[in-house]
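This is the structure I have questions about; it appears just below.
Every chain is named by a letter (A, B, C and D) in the order it is written, and numbering of its residues begins at 1.
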Amino acid sequence: MADILSLHDAVARYVDNGATVAMEGFTHLIPFAAGHEIIRQGKRDLTLIRMTPDLIYDQLIGAGCAKKLIFSWGGNPGVGSLHRLRDAVEKGYPHKLEILEHSHATMACAYEAGAAGLPLAVLRGYVGSDLPKVNDQIKFIECPFTGERLAAVPSIRPDVGVIHAQRADRQGNVLVEGIIGVQKEAVLAAKSSIVTVEEIVDDLGATPNACVIPGWAISAIAVAEKGAYPSYAYGYYPRDNRFYKEWDAIARDRDAFQAWLEENVLQAGGEV
Amino acid sequence: MSSHYTSSEMMTVTAARALENGMTCFVGIGLPSEAANLARLTHAPDVVLIYESGTLQTKPDVLPLSIGDGELCETALTTVSVPEMFRYWLQGGKVDVGFLGTAQIDRYCNLNTTLIGDYTAPKVRLPGGGGAPEIATNAGEVFITLKHSKRTFVRDVDFVTTLGFGRDGKGRDGVPNIGKGPTRVITDLCVMKPDPETRELVVVSLHPGVSHADVIEATGWEIRFAEAIEATPEPSANELQVLRELKARTDRHHAGE
Amino acid sequence: MADILSLHDAVARYVDNGATVAMEGFTHLIPFAAGHEIIRQGKRDLTLIRMTPDLIYDQLIGAGCAKKLIFSWGGNPGVGSLHRLRDAVEKGYPHKLEILEHSHATMACAYEAGAAGLPLAVLRGYVGSDLPKVNDQIKFIECPFTGERLAAVPSIRPDVGVIHAQRADRQGNVLVEGIIGVQKEAVLAAKSSIVTVEEIVDDLGATPNACVIPGWAISAIAVAEKGAYPSYAYGYYPRDNRFYKEWDAIARDRDAFQAWLEENVLQAGGEV
Amino acid sequence: MSSHYTSSEMMTVTAARALENGMTCFVGIGLPSEAANLARLTHAPDVVLIYESGTLQTKPDVLPLSIGDGELCETALTTVSVPEMFRYWLQGGKVDVGFLGTAQIDRYCNLNTTLIGDYTAPKVRLPGGGGAPEIATNAGEVFITLKHSKRTFVRDVDFVTTLGFGRDGKGRDGVPNIGKGPTRVITDLCVMKPDPETRELVVVSLHPGVSHADVIEATGWEIRFAEAIEATPEPSANELQVLRELKARTDRHHAGE
């Protein structure tokens, strides 16, 4: 059964230095508040997993939390590069960042396989791509029925899965609505999980087949109002596309980034 | 070039016209998304647009900035998980055409969105593959749209993120259960198609006011031209109006107005 | 794009003699009306696929439509045996029935793999079971990452998938609600598909992540009011548990079955 | 045997007591479902009941006749697809205990729900495996409940539909990533547990009024008894009342009243 904790306590309890952490939310419901709390607590040597690193991992990488990144598309959507990510990959700043690179289809299947308790995912993937040459986790197997050659990758089973959702009820059951991405999979595949929510309510108001994650499948719930900002929460607030554009200039410059981080994360008591 | 539309508009309108009404199209963000929505708002009202964020049959009123903007979900028939999107809808063979952009393309239509230079010491690190590697192989066919320049059109891409026809044009030969690959490339200068034999890109249509020399100058290899080269039809007044209104709505929306 | 047809025309167009047919609905939304239409049209030599054959396949088997059955649990839920199925398996009446037997987990994964366009499904299944000794479609593969032995079966890719759903809109988009079983998978995995619905409406009234199957992924829609009876349609009518109990006596006796079939299916103009 | 409750009620109450509050339980239809719901309505209000129809955390007011009765969906926290149920929830390791019935069981707790006789020429064809083969291996542990008779308790099952501990008691040894298997069998006569060494079933508790001879008579092999055999506690008045009300509600409901 999920414990309802403060965000500080949830991160302190479940995110250890050196942990493998998947913070998901496909453009929508990105758990920024949780990311900022990880930065504030000075976590180090994390292996960060995320299909689209987005600003949240640009910030964690720039703040020096990450040792390794597993991802499939590392840009600022519709804007351009993630400059902190590029600075780490191209220049080793603030330190060297190991990367392991997949396609979206593969990561989605690897999360699915992780949630399904399997050691591997199988898909029709990477046909003719050079990615298998630079990612030694990609293997190929032969279908025992048809002989077809299919890609196989290890499933994703992080130490901690972190997502943001619209709301939880008082028993810790969580409703995720709208673009649900791989959020359920990130929670179910992980050994521990933290779900931040906009609010805790008496009744989720969910329809029969809504995306609801039961409280007993979650480690900790923390209220984080506007916890997905500057991404968005369907039914609560829109994406701040302007901030995504402004991020380009902030992240392009090491000092500008550090000043932004100081003011908006390190010196901020809680969520921005 | 005629002065009442830009070369970008010419590219978008031409790309839009490639989509037929009723097709299911897996849409990449940026130029493909612009073209696909223009198609939907003009000649192809029943084109089915699918974005990798899980949004099925979406009808955005403004162009999304990201692949997962709220607009895509709010105007979708339904929204599924990302594993389901890639497994049931793309790999499951429900997509007629994948519409992609790219940072680099070569003469065999291979796409590079990974990096410039060497993988372990990149000169420029690009965003990576995203959905493209499997869109390009699991969709029935692939349309590609991007601006024409020597920087983007290279003889051999630095890295094959996404298969066109491989380093030798034979990359799809004998591979079961994949689509036929790129069938056209639409730029701000021309339309190209792969040669049916060699799979090397051939210019089949030049946009109004564009010369052979313009294309040669903007292409990083000795580009071939079809024998009977066509003139790409100009945008109609309606297409231009719809496109401009769409872009104006989009700009206002993303500026937070 | 789905054609909106009469049930007669949909079955006539898509269900050929000798076809492999999956009629799904996990207890809920079982497509009885479509099954009766298949019986009325005298289809023969069908390979019938269904996790739980239930009364619908007891009727099709008893009526002589089936050559082979692929299934994972062949009882009358909460009541006992399917006597027409047993008569075919044990006595070869009305003729010999070949069976291929799986577990639920395997069939669910095989449908999932079929919908996902894969040739095989991989699962942690059949550990220590005798089923692989009597089903030569079950193989075992070794995970290339962990060495774990996992079960593999061919995916299910029927010629025709048939399901019943609550409603369609005028564009042929379908809402399935409640116990959704493997219905979406049965449609997506099949070469052709028929969806019967209680009604056609202007607006499905679906929430963002409801189980909606787009019209362009369906071959034919047919209105069949009470088309799942004696099973049920969430939001429309309940399961007729009394009929399920009465079925035991009807199906136990060859003549009683034939009389029931004559009166309720063969001589009935449409759906019972 | 005391006259104020039946041996069936004794069985159900004892099976119910095996479930602890807060456990997640994957419930088989029939006797397991009756016991699991009795537990939920008495000492274990927060037991989480999961049925293979995809209904998660369901709280039916009447017992379902089938595994997919509407009641299960209407009272569930949420309902997922059947592939998701078996993949994410069962195989994904979210289930503490699988609660199963069976047609035949042997001394090593192997279950047969496939057939009596030979596979190609069955004497009696039973329904088949259903969810059981993977429930028994992917749940943390397994409880089994069924009526005791020589017909059901056989030395060796005709067919191992579902693994207990194999033909020799070693069927789980060295198999990675599976649960510990059956930990108790509850009948209308007694409670049995597998011997920690040999895995052969041993009677650990006799129900009130039941003798060693009664169990021996109803078991198809030379059943062993624990050295310190216990007396199963009687049902409480409250348990009996809740169970009888539940069954009465259920009968009225399924008769269509």
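Definition applied: a residue touches a chain if its C-beta (ideal position, glycine included) is under 8 Å from a C-beta of that chain, and two chains touch if they have at least 3 such contacts.
In this text, all values refer to a predicted model and were calculated from it rather than measured experimentally.
Annotation of chain C and chain D: jointly contacted by A, touch as defined at the top. The chain pair with more C-beta contacts between its two chains, of B-C and A-B, is A-B. One finds 40 Å separating the Cα centroids of chain A and chain D.
Inter-chain spacing, taken between the CA centroids of chain A and chain B, is 28 Å. Among all residues of chain D, those that touch two or more other chains are 73, 79-80, 87, 91, 138, 177. Contact with two or more other chains is made by residues 112, 117-118, 123-124, 148, 178, 180, 184-185, 208-211, 234 of chain C.
Remark: the chains found to touch one another pair up as A-B, A-C, A-D, B-C, C-D.
Residues of chain B that touch chain C in their complex: 22, 24, 46, 48, 56-57, 73, 76-80, 87-88, 91-94, 138, 177. Against chain A, in their complex, chain B makes its touches with residues 29-30, 52-55, 64-70, 72-74, 79-83, 85-87, 90-91, 110, 114, 119, 122, 124-134, 137-138, 159-163, 166, 171-172, 175-178, 253-256.
Interface residues of chain C facing chain B in the complex, by the touch rule stated above, are 1, 112, 115-118, 173, 184-185, 188-189, 206, 208-212, 214, 216-217. Per the touch definition, chain A reaches chain C in the complex via residues 117-120, 122-124, 137, 139, 141, 143-146, 148, 150, 152, 154, 177-178, 180, 207-211, 234. For chain C in complex with chain D, the touching residues are 26-28, 51-52, 71-75, 77-79, 81-82, 85-86, 89-90, 101-106, 108-109, 111-112, 123-131, 134, 148, 178-182, 184-185, 211, 232, 234, 238-242, 244-245.
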